[in-house]
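In the two complexes below, subunit A is the common chain; its partner is subunit B in one and subunit C in the other.
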Partner chain A sequence: MLEDVLQLIVNGVMAGSVLAVPAIGFTAIYAVLRFPNFAVASHATIGAFAGFVANVYLGLPAPMALCFAFLVAGVFGVASDEVALRPLRNSGPLTAAIASVALTIVLENVIRFTFGNDLRGYDLPVYRDWRMLGLRIGPQQVYNAAVAVIVMAVLFGFLAFTRTGKTMRAVADNPTLAGIKGIDAVKVARLANFIGMGLAGMGGMLIGLDTSIDPLTGFRVILSVFAAAVVGGLGSLPGAVAGSFVVGIGEELSLLVLDPAYRGAVGFVAILLVLSFRPRGLLGERAY
Partner chain B sequence: MEAYLIAMVVFAGFYALLALGLNVIWGLGGIINLGLAGFFGVGAYATALLTVRAGWPIWAGMVAAMLISALAGAALSLVVARLKGDYLAIVTLGFAEVVRLIASNEIWLTNGTDGISNIPGPWRGQVPPGEFNLIMLGIVWAVVIVVAALLARLSHAPFGRVLRAIREDEMVAAVAGKRVLAFKTIAFAISAAVLGIGGALYAHYNAYIAPDGLVPLLTIYAVLALTAGGTGRMSGAVLGALVLVALMEGTRFLAAEIPGLLPVQVAAVREMSVGLMLILVLRLRPQGLLPERPPRLAQGATP
Partner chain C sequence: MTLTRRAALAAGLATPFVARAQGDPIRLGTLTPLTGAGGPYGPSMVKSMQAVAEAVNSAGGVLGRRIQLVGEDSQTNPDAAVRAARKLIDVDKVPSICGTWASAVTTAVAPLCWENRTMLFTVSGADSITQLPHQGYIIRTQPNTRLQNTRVGKFMVAQGVKKLFVLGAQTPFAVPGYQVLHEVLTANGSSTVGHVIYDKDKANFRSEVDQALRTRPDMIFLNGYTPDVTIIMRELFRAGFDGKRMAPEYAINVKLLESLPADVTEGALNYAPSPDLNSPAYKAVSAILGTGTPDTYSCQTYDQMSLAILAIAKAGTVSGTAIHGAVRKVSQGSGEKVTSAVDGLKLLAAGKEINYEGASGPCDFLDSGDIIDCKFRFDIAEKAKFRTLELS
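Up next, the complex of A and B:
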């Protein structure tokens, strides 16, 4: 029993670190643009398929395919925002949020149009699970978790130490003041979209690496991604990481009492619990 | 061709009910609900289970569907009472997904992804299929007109004025002594009841309901219908639903005209165009075809 729980916690930590990648993307866009961009779902799918093209058609190894997934999803993110969402942002955050649901349906169908509904898998070597101290650990999961940790370290370094990163944080913190200081909000918004959607795309591919992908890949995990961001506090990057671990571990531990099919509902319950008792989320500062 | 047209107008009725339900909560109350598909599903499954498994008559199943849906709406509204805007959008979207998860996985109750079939329809089997469609056309649109008329009455009644006040500024409404939470909960319940009726009618018309029918695309259809017609106006919601169906069926013929497409690509083109249309409407005519009229001043009042 104790071993089962430990095993689930180990699985949860790995799942949580992968979940953190798109969750950071979602929350970063929220921090700068102040609306929930539901199009992260389709961008995760776009990234997963871009990585698939790079990995299977072009024969690139997984790390390069992941970078390709980031780039393609990021470019799509900036372009689709520029065309579809930016003109609507003045009409209020909810209009933009509704439009982003429409956008995600459009992009998801672009993928479906191009690749069809079939399940596809990456071309990866298969490793046998490691066993240590009675626990089973999959090398692919460890690899994914490691990638996620490196990505997070790079991102936090970028935000903390570079000038561009600091302007992003300034806009997120106080757009008016940032404007007075001469920071170009439009440029920062583009950058936030590029990074946020790029992370969503990379996350989509990481999630697909140990299963398979199809046009609904992004949509299937989106509830967990939202949950991670909301539990941590919308707009807070460290919060998104903390929330991802809560949701990741929570989803795994739920297997003790719930049918696996309900993993997705765990995120929803986590959102409700956190918002009932701590509406700002674990590390957020603003809730309503 | 005639049967096809009738079927499309019936479907427009379902979208009209979805748009009307959304209009109560979003148009009047300014409260976002992206979980429309969830309430539609609650209504559809409630009546399907009661009529197929428990053998209830259709009308009783529909009334029960409406009440159960309203209860679900009130419950969700109390849970999310303190949330606004973006958080509410996430939670309601999540609600719809949870409904779909339950419908897909509680196989003992809902038959899982296979769905429930053989749902009875009024006089189905006793009259030729063409007449059955006409009967449903009459029933669905009678319900739409009654619901729209009642809601239009409600929106001009003090209840509707308070809701609009809450939409414009919740704090002011509270200061004026209105019990904001109670109004929101009732509005949520009314909205959910309308969505539930829509789902129940759909179940009886279609004879079959499955979790696949509860995708978020359904919510997008409703938002598109309402936005195109005019948020805040009940007649706008109904007109918007008719326009939506005309546009969607237009894309069916257009997509069929493009040579060399696989069926999956045709479906993708159609869904894509629905999303694009919503973005375009929001961009070009956010007030809709029938914009909400500013309230008339009482006689003798000076502006």
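Up next, the complex of A and C:
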């Protein structure tokens, strides 16, 4: 029994670490632009396909392909925001959020039109799991977790120590004051979109490395990503990481008492509990 | 313009009999998945039905009339399919609709059909479809869940499976499928050691796989669809599972073999209802579609269209009720065996009884609308290619 619980926790940590990357992207955009951008789903898919092109067609190894996924999804993120969402942002966060749902459907179908509906897999070997102390740990998932940790560290470093990072935090904390100080909110919004959607794209590829990809890759995880961001505190980057682990581990541990068919409900139960007792999420809404 | 009514009449009388017979067409409906999840199959399903109609028309039509197909796209979506079926029934007034593919689509359009006395020919498999109160207005050429899983269970026993675990996606056939496998295996000295029904939209199934492996099965049956089965196949490989893995052909297919490394799929088994490969009707479908291996659904719609036309000829009138009453008189019994609508029409015109045996199999139906038997093909994946193990 103890072994089962430990294995479930290990599985949850693995699942949570993959969720964390797109969840950071989602919450970073929320922190600066103050609306939930559900187009993270299609950008995760765009990243997964960009990584696929880089890996399979261009023959790049996985780390390079991940960088490519980040860049392509980031560029798409800025471009689609300029065209579709920015003109609507003045009408309020709800309008922008609904438009982002529409945008994600459009982009998903663009991918479907370009690549077709078929499943695709990366040109990478599948490794057998390690076994230690009766637990099963996957090398691919450890790799994914390591990438997630590195990405988080780089992002925190960027926000803490660089001038651009500080301007982003300033806009997230108080946009009006930041404006008075001469920070260009439009530039910061573009940067937030680039980083946020780039991370979503990277997350999409990490998910694809572990599974396989199709035009619905991002859509399948968006609810868990949203749940992770809300549980951790919308707008808080450490919160998104904490939320991802809570949702990931929670979904796995629920299998002790629930049928796997109901696992998808765990994210919603987590949102419900957190919003009832801690409306600002586990770590509040401060960006950093 | 100097064309007078008399001249037109003379021109009409001068045309050969066959052409005049084709003046007032019999409209028959097709409702196929041209887009959506069934999109890969829909176009060829329509093509095989059109070929039947063209062959019949060039042989003089039915009851002195041409056959005209009226085609609609189900979009593999129950809402769209209901709108399309309404149009076929209310506007085109078709006596029959052939080719519904997804079980959800068939379930949605079936009540419209039986209430309007329109015959529905389907390729859907869920047991629940023929359990609807359809009053005989549904015929299906696809084996139902019970028939499929009975055959699959027997194959597993023959493969020496002693402890089977079933990982099933949450679908209408997940629990019934498991129950049938359990019955068949326990009746033949094997056993099932458990089953898990999972949410197929999740991105990881590690814990489900752990749950399966704890029971130490020698075979895991993956009763899902390609996206989820791909992830589970990968997970089973990582976990070092060295037992057998089996799934329906719509889950473990060429696409799955392409998206996973060959060592992950090595030895995976699949099954599919198989057309009757030795039948002249199968060879006809093969020629129509220009492929050596036409899919089972296109073979089934070829048979459905043939049966609808033959039933109209047998009944002597064009209506859903007429097809309903006559279809089993041409599909089974002691009549002369025929494998095409054209041959059947000739014999019927000569006053003989017929028994249609088609591309998909014998096409004999129970009162419920289910087929009595059909062939199954079992394949194994070897070096990322399929090899047929058994066809029976």
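One rule holds for everything that comes next: the second predicted complex is superposed on the first by the 283 of 288 C-alpha atoms of A that agree within 3 Å, B and C clash if a C-alpha of one lies under 4 Å from a C-alpha of the other, contacts with A are read in each partner's own complex, and residues count from 1 in each chain.
Operating definition for what follows: a contact is a pair of C-beta atoms (placed from the backbone, for glycine too) under 8 Å apart; a residue touches a chain by one contact, two chains touch by 3 or more.
As the structure is a computational prediction, the values presented were derived from the model and not from experiment.
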| item | value |
| --- | --- |
| Side-by-side fit of subunit B and subunit C on subunit A, or clash | clash |
| Subunit A residues touched by each partner, larger count belonging to subunit B or subunit C | B |
| Partner chain(s) touched by A:Arg89 [first = subunit B, second = subunit C, both, neither] | neither |
| Touched partner set for A:Asp259, first subunit B, second subunit C, both or neither | both |
| First (subunit B), second (subunit C), both or neither touched by A:Gln7 | second |
| Subunit B versus subunit C as contact partner of A:Arg278, first or second or both or neither | neither |
| Contacts of A:Ile98 with subunit B and subunit C, given as first, second, both or neither | first |
| Which of subunit B and subunit C A:Asp214 touches, first, second, both or neither | second |
| Partner chain in contact with A:Pro125 - subunit B first, subunit C second, else both or neither | second |
| Touching partner for A:Arg169 - first (subunit B), second (subunit C), both, neither | neither |
| Shared subunit A contacts, counted only where both subunit B and subunit C touch the same residue | 117, 259, 261-262, 264 |
| Residues of subunit B touching subunit A in the complex | 32, 34, 79-80, 82-87, 89-91, 93-95, 97-98, 101-102, 104-105, 216-217, 219-220, 223-224, 262, 264-265, 267-269, 271-272, 274-276, 278-279, 282-283, 286 |
| Residue ranges of subunit A in contact with subunit C within the complex | 4, 7-8, 11, 14-15, 18, 117-121, 125-129, 136, 138, 140, 207, 210-212, 214, 216-217, 220-221, 252, 255, 259-264 |
| List of subunit A residues in touch with subunit B within their complex | 30, 34-36, 38, 84, 87-88, 91, 93-95, 97-99, 101-106, 108-110, 112-113, 116-117, 223, 226-227, 230, 234, 259, 261-262, 264-265, 267-268, 271-272, 275-276, 279, 287-288 |
| Subunit A-touching residues of subunit C, taken from the complex the two chains share | 39, 170, 196-199, 201-204, 206-208, 210-211, 226-227, 230-231, 234, 237-240, 255-256, 258-261, 263-264 |
